[in-house]
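Multiple structures are listed underneath, in structure tokens.
Each of the next two complexes has chain A plus one more chain, namely chain B in the first and chain C in the second.
What follows is the complex of A and B.
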């Protein structure tokens, strides 16, 4: 036990009403309040200036301010700013080291603002997967319309809205943020850090995403944005009000990515464990370093481009109006200056995931580690020099085309290096075809096709022919679905045991892979041919001679959609009922596998010492890092060793942290039957370790004792209890502490080995000094973990003597 | 099997792919311009290159999985090979050479495709939601694009000032250029085949985008001259 006695109790004495404290309820009313105030103020100003308060102009203004402040209000209401606000106003309840929103103790915590990178990672993955399914449903709508030529289900305007929203959700709310989700969970662990550098900013990044996505979807209520995810001016400037929703939604998704990227950069640069030099970082970390740099440098450009469209729409600024000196092509330059790097933002993290998986599941060091790391950085740097390859036919300065072709082609070189290195890693490996590995191998195949079609598109005369045809649609899906989405699936399967503590079902996983792989290729491969034959992209209607092929494509597109359900079933079922996952099912070396599954709340008790490279498979005796886990009590170490009979030291350490930690607080009642039964009952349900504390003093009360005899008696009762618990198969340790009970409990809660649950045992109401001082209530309020109160009537229990 | 043997198999597979690519009757709609033939040749060269790269990657991938697939209870590790400098240099340098070769070829074809001559026909193309207008040097304005076989043609493409972007694309010519408000954009085609084609808009321009098309016709020089003259007289009559 820590002996220091800093003043405890964030003393939050006011009752926590969900109307007033960070919650969904508050998020709803605050967001709409913000929106109405913003609309009200802008309407008032218009009134003062003599502008009409109705009509299209007013609607644009209302949408702009209403949506922006609605989204900001949402993040305020849900509680992202509570900590900072408490600091700003000097709230007496404000606590510097406030971990109250850290870690999840029940599924409900996933619906609240949380600062734990692991919780945030899962929040990201679940939310983005929901958007993936919505985006997928929109795509099925597109394919339904295209199953035969002519107009079937949707008017051309709605059709344009469908594919625009499809692409927007997939890019801004699925691929980009789900990589952020995986990285959030994995990267701090891989670095040996306890969390991200800025956990509260991390939470804010996540909560910005949801309003952004909802704004995109809300546009369907007013007529969806229909100028494509590229939102080219002047089409977007002239478009109806739905386009305003796009320009604003992008700002929130973009702000979310920028904040996350800054967080990753600082985390990766400053929070690596001792010994983790750059050349010992796992390749996923390298990938995130490069990606985050791209995001930080690039995303402001798309934000700028959408602000300019918004200003043109709402304030008539004429950035893109050639009649008044604006320039239409300017939009595309700004847009692609972000959106080309964005394609690498959507691919580099996937490359990182694949490097991890290929090496681990073929039990070989990654082939050419340094060259892969270099190629990642090279792609990141070159990525900023190729944007105009999306503009070869746009009417930009003609001389720019050949240099942009050259740089674009050069990017294929580092990309190729990665592919060849992965294939060489497989050579002579011990290849385990887990589902994660299947997706990784499938990815290599599909991504080579996507990369090669990219080279076709870079060769100017070929691009001039196939640009804006279905060939480009095929290319982007080979790189974004066959590329990014396959890597996301691979990563989800690979880290599923770590994230959930459960194993997924390999048979269902294999079924999912093969369904997806076959349906994917059958859907998108023929699109190359459609493009070569001259079918333009983004059309609701097409030449009847393409009818048969389009029909077949649509059928496979539905199969592809259905394959997602297999994944979904596997995840939900395994998460709830799957076999318990060991700490390190893949026998991997990187740090995230050296802690329990799921990892303990602060990941590592001590920064791990990194001693070697991350992929030293097959090197005798090689280790990447040494992980030390604090053992709460020496008594306890012996028991733990016995538990992990066959395990290595690492596994033993992991096991210790995996067991649920319960804190028992008792004094006179410590050997009571009711208490021991309560503990035993829990031990039946899951592996348990228990720390029992017997607080001796109560300075706040009216007595202070240094009665050695009394302490000795307590000690005896404690030992008796510990013995009985161990008999019952519970890992138990404990001590008599010289403090008041409240402080003693809070010391434990905030220690580096916090309990997941507390049991307070007291005498019945009338005879308990602790109850008179509301101990249970105070602990419940401040500890924020489940607290059970057990009443032991010592005089009725024969066993509890003394 | 050694890596060399697998490599030989890969090259054979790549060669078979090449044959398949070359015997495929049509990758594209009929080629109706000089530019189209050049594009098609470049495309075939790219396909052949891709066939070999695909073959190398896939054959090694499939072979490795087939050969070294392990049972789940196999706890061995592979040999600790960290890399091979020669190989790494090869797969950096060879692709660099390939892409530079294609970049040069692409550049040369582009320059050839866009050469201008003094006898070329200049047609001004204007896009608007959702129609195309063509204007000939003698002032004739039509909604059908009529061209002269064998005559290099420059398309000066734009869009109405208050309109949006469209894109001019004739698949049989393999050339495309956006019609941008406020900008004159150019593309070039020398038709080589008499026939009727369709001009399609390839830049999303609103609800009517998928139907924004215009007929294209290539005529023998004599027919073309006659057509142009008839149009001229019709239009001046209509205008008077």
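What follows is the complex of A and C.
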């Protein structure tokens, strides 16, 4: 919908009325028009059938049809269906490849229907974070009430509404869709695709989410749904009208989820770049493949269960009414058949994010790539066989208990495979404690605790004992906050530079992590103990003997809430004013890092050619992909141009970190032919990149020199060297350093990007100050990597040097 | 190449798809694959209602439990109409791929008419049954399953109507009718679900 012309889309010049074309204005009037028409028609039918047009029953009917069509009208009004409508009516203006709504050219485009997966990803992340804040505020309300025994701030009914809405928003509008947001941004890039398979369906998925969330929140206006996020029948069937809002809201969040999942599956199957076989896909893509399968197959069951509750409420059917032949436990079976796989829907993408981050930030190939991929699929399959472990005390068929206990414990095996693989990846790696990595490590710590308490809960006798106590609350928060939310934070920090083109503030990031980590554990760890002591969950009041611990928990819950503000400040401030991010700040191999930050609107100028695995960090000569970029972009300056330049097309290979790194130390001899030859000889054998340092400060020099003049001369020699190396096809960078040579070399060796080999170039023995001070021997002794000594006689090489 | 393609001025797919080559080569399959996965999701939605149906049915001895009667015979006729509509749909698809415009339009039209006839007869059956959803557990599952299916017939008929209008406007070609294939796939799915539903709910 932008007026900016670009080569892919038609230019729209004439101004279009916001009343009639996709806009917020149209969304508002169309949504309410749809709602009123739907209510009117249902009232008319009731009138024809002789039912009363007032009373609770009419309210239920009005809420059902009004809310449903309000939400549909919203998506119509905002413009999700304009393209399809043009297709259906065969509009002459309709073009199949209509890119007019693709890509953000200004911040306003983020508030419109947009088909660019990157825009949609950011729309998802911002919207879901808003719901996260609202859900968090509801949780603080719960903790405020529980800070001391008795009822202080909320009536028991409102309290029930608080925790119900808290869980609902966190699950359906934060964790699940924010993973969809991260995947939306990252997965097509990782696959080397230009967009998702169905960009318009993708936009519709996002715009279904907003009305779904607003319906949940609107229930507070009529008395919130208070039967918990599980909405168990028969409680939900006889609950006040707020519960209808829940059943409708879930349908929209679920439809959004299914549409996105179908989109991901088709994208992953059909849109992979040439050479991107399944076993070369990054593990985040594997995770989304498994997650999307779970969503496609599982989510219809929660849709079904909520339809049944809605029918029981509105049409007075008898699914869950034993008196007329229905069955109460049936609800739990159908509900948990989705909602247990849902916990893997909320965890598998996080596992994918962690696999990326652990490998990239510890500079090592991921340990057990295939096994992690297999275990992801195994969790997905096993996830459908464990649902009844939520129902051990429900009165279900007793024979189902032991099999469900066994499968539940079995699912710990693939999960354990992942944990051990991550730890093995960390082992002996060069670990960079960026904020993303801190969250990943914090995740492993908290998720292991959550996983272990999960095994406790799988064991029948323990589960019966702690059912509906705070032990369960502690477990769910250790896996959903310590698990999912930590991974979301890790992913947000990791891809923040790619998404925004700016670097975040590491110090604030670390502060955020430590506040979150400490406050999280202090909040939820004591709940295990409360649960074992028998404190029941979902009750506004409690026994005074739990008072002290609950008070402490509430204090830390507020700290945990406040830690989010640090994150929020960091994001807003860095997004607006942070330092410009390079294309590949983490020196990662996966494809999303091989394009600019933020990526170009159509991602890749040409499909990348994938030639190897995505995690070959530190493996000499290994490469993931060759990315072709038309017209060199200034942002790519300094990035590998390892292959020949053909016309205005640049080919860049995702092997920056995999290339052998050689450190060249030279000062006066820097442009000497012998040195250049030594480097060239190595470059012929394998891909490499070179860092040239010219140590300037010579503490042994006993005469006074003009520093500026000296630096200028060194700079010129260095530039000449770099130019000659690049001519020879060697990627080279270099700097003049203000250090003595030994310290300068060791600084490089101990840096985050250590060289694999060092070449020290000096004058002949008789004239070299460096050799007089045994530089080569000292470096050989201390650096513990191969050191080659090249002698260059500048008097015989007048062309070299100034 | 064919009569339809010649009769209209829509360029061939390779001219229309001015995106990159690799995108074009994949344009053929994603829509179809997406529909297959969506149908997988739909099967699970029916699955949840069939779960409720079987769960409630097997906790009762008799069937239909609660002493209700359902008309097997007249619904059998209705079933035959829906099954026949799958064949006319197939005829429409074959006609489209061979470029026979008349067969395409006739096939789609007949399929649409039979689908709407099915819906009409189903509504008539609802009216004549003598019980309503709130009468007990059997009416609950009966109306929920047949109603859910009826909703899907309605969606399928909507897709058919769109395809019909587009076919009349000459929007499909022998080598460009992916939208038709997808509509046909969905219609066959709706039909197969009904065969299963009729067998389980009415006959067994």
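The rule is simple: the second predicted complex is superposed on the first by the 616 of 802 C-alpha atoms of A that agree within 3 Å, B and C clash if a C-alpha of one lies under 4 Å from a C-alpha of the other, contacts with A are read in each partner's own complex, and residues count from 1 in each chain.
Everything that follows uses one rule, which is that contacts are C-beta pairs under 8 Å (C-beta built on N, C-alpha and C of every residue); 3 or more make two chains touch, one makes a residue touch a chain.
All values reported here derive from a predicted model rather than from experimental measurement.
Q: Could you check whether chain B and chain C clash or fit when both are placed on chain A?
A: These partners fit in the superposed model.
Q: In the superposed model, does chain B or chain C contact more residues of chain A?
A: B
Q: By the touch definition at the top of the document, which applies to A:617: first (chain B), second (chain C), both, or neither?
A: A:617: touches chain B, not chain C.
Q: Between chain B (first) and chain C (second), which, if any, makes contact with A:389: first, second, both or neither?
A: Neither partner.
Q: Once the shared chain is lined up, is A:465 touching chain B (first), chain C (second), both, or neither of them?
A: Only chain B; A:465 stays clear of chain C.
Q: Pick one for A:327: touches chain B only (first), chain C only (second), both, or neither.
A: So A:327 meets both chain B and chain C here.
Q: Considering only the touch criterion stated at the top, classify A:717 as touching first (chain B), second (chain C), both, or neither.
A: Neither chain B nor chain C is touched by A:717.
Q: Once the structures are superposed on A, label A:232 by its partner contacts, choosing first (chain B), second (chain C), both or neither.
A: A:232 contacts chain B only, not chain C.
Q: So, does A:364 touch the first partner chain B, the second partner chain C, both, or neither?
A: first
Q: First (chain B), second (chain C), both or neither: which does A:427 touch?
A: First partner only.
Q: For A:475, select first, second, both or neither according to whether it touches chain B, chain C, the two together, or no partner.
A: A:475 sits against neither chain B nor chain C.
Q: Report the closest approach of chain B and chain C over their C-alpha atoms in the superposed model, as a whole number of Å.
A: Between chain B and chain C, the shortest C-alpha distance works out to 12 Å.
Q: Could you tell me which stretches of chain A are touched by chain B in one complex and by chain C in the other?
A: 326-327
Q: What does chain A use to touch chain B in their complex?
A: Those residues of chain A that touch chain B are 155-157, 160, 226-228, 232, 234-235, 238, 322-323, 326-329, 362-365, 367-371, 393-395, 401-402, 405-406, 409-410, 412-413, 416-417, 419-421, 423-424, 426-433, 441, 444-445, 448-449, 452, 455-456, 458-462, 464-465, 467-469, 529, 532-534, 536-542, 587, 616-619, 622.
Q: Would you tell me which residues of chain A are touching chain C in their complex?
A: 88-90, 96-97, 194, 197-198, 201, 258, 262-263, 265-267, 269-271, 273-274, 296-301, 303-305, 307-308, 311, 315-319, 321, 324-327, 330, 333-334, 337, 606-607
Q: Spell out the residues on chain B that touch chain A in their complex, using ranges where they run on.
A: Residue list for chain B touching chain A: 3, 27-29, 35, 38-39, 42-43, 46, 50, 53-54, 57-58, 60-61, 64-65, 68-70, 72, 74-84, 87-88, 91-92, 95-96, 99-100, 102-103, 105-107, 109-110, 113, 157, 161-165, 167, 169, 171-172, 174-178, 180-185, 187, 200-211.
Q: Where on chain C is chain A touching in the complex?
A: Residues 16-20, 22-23, 26, 29-31, 33-34, 37-38, 40-42, 44-45, 47-49, 51-52, 55-56, 59-60, 65-66, 133-134, 136-141, 143-144, 162, 165-166, 169, 171.
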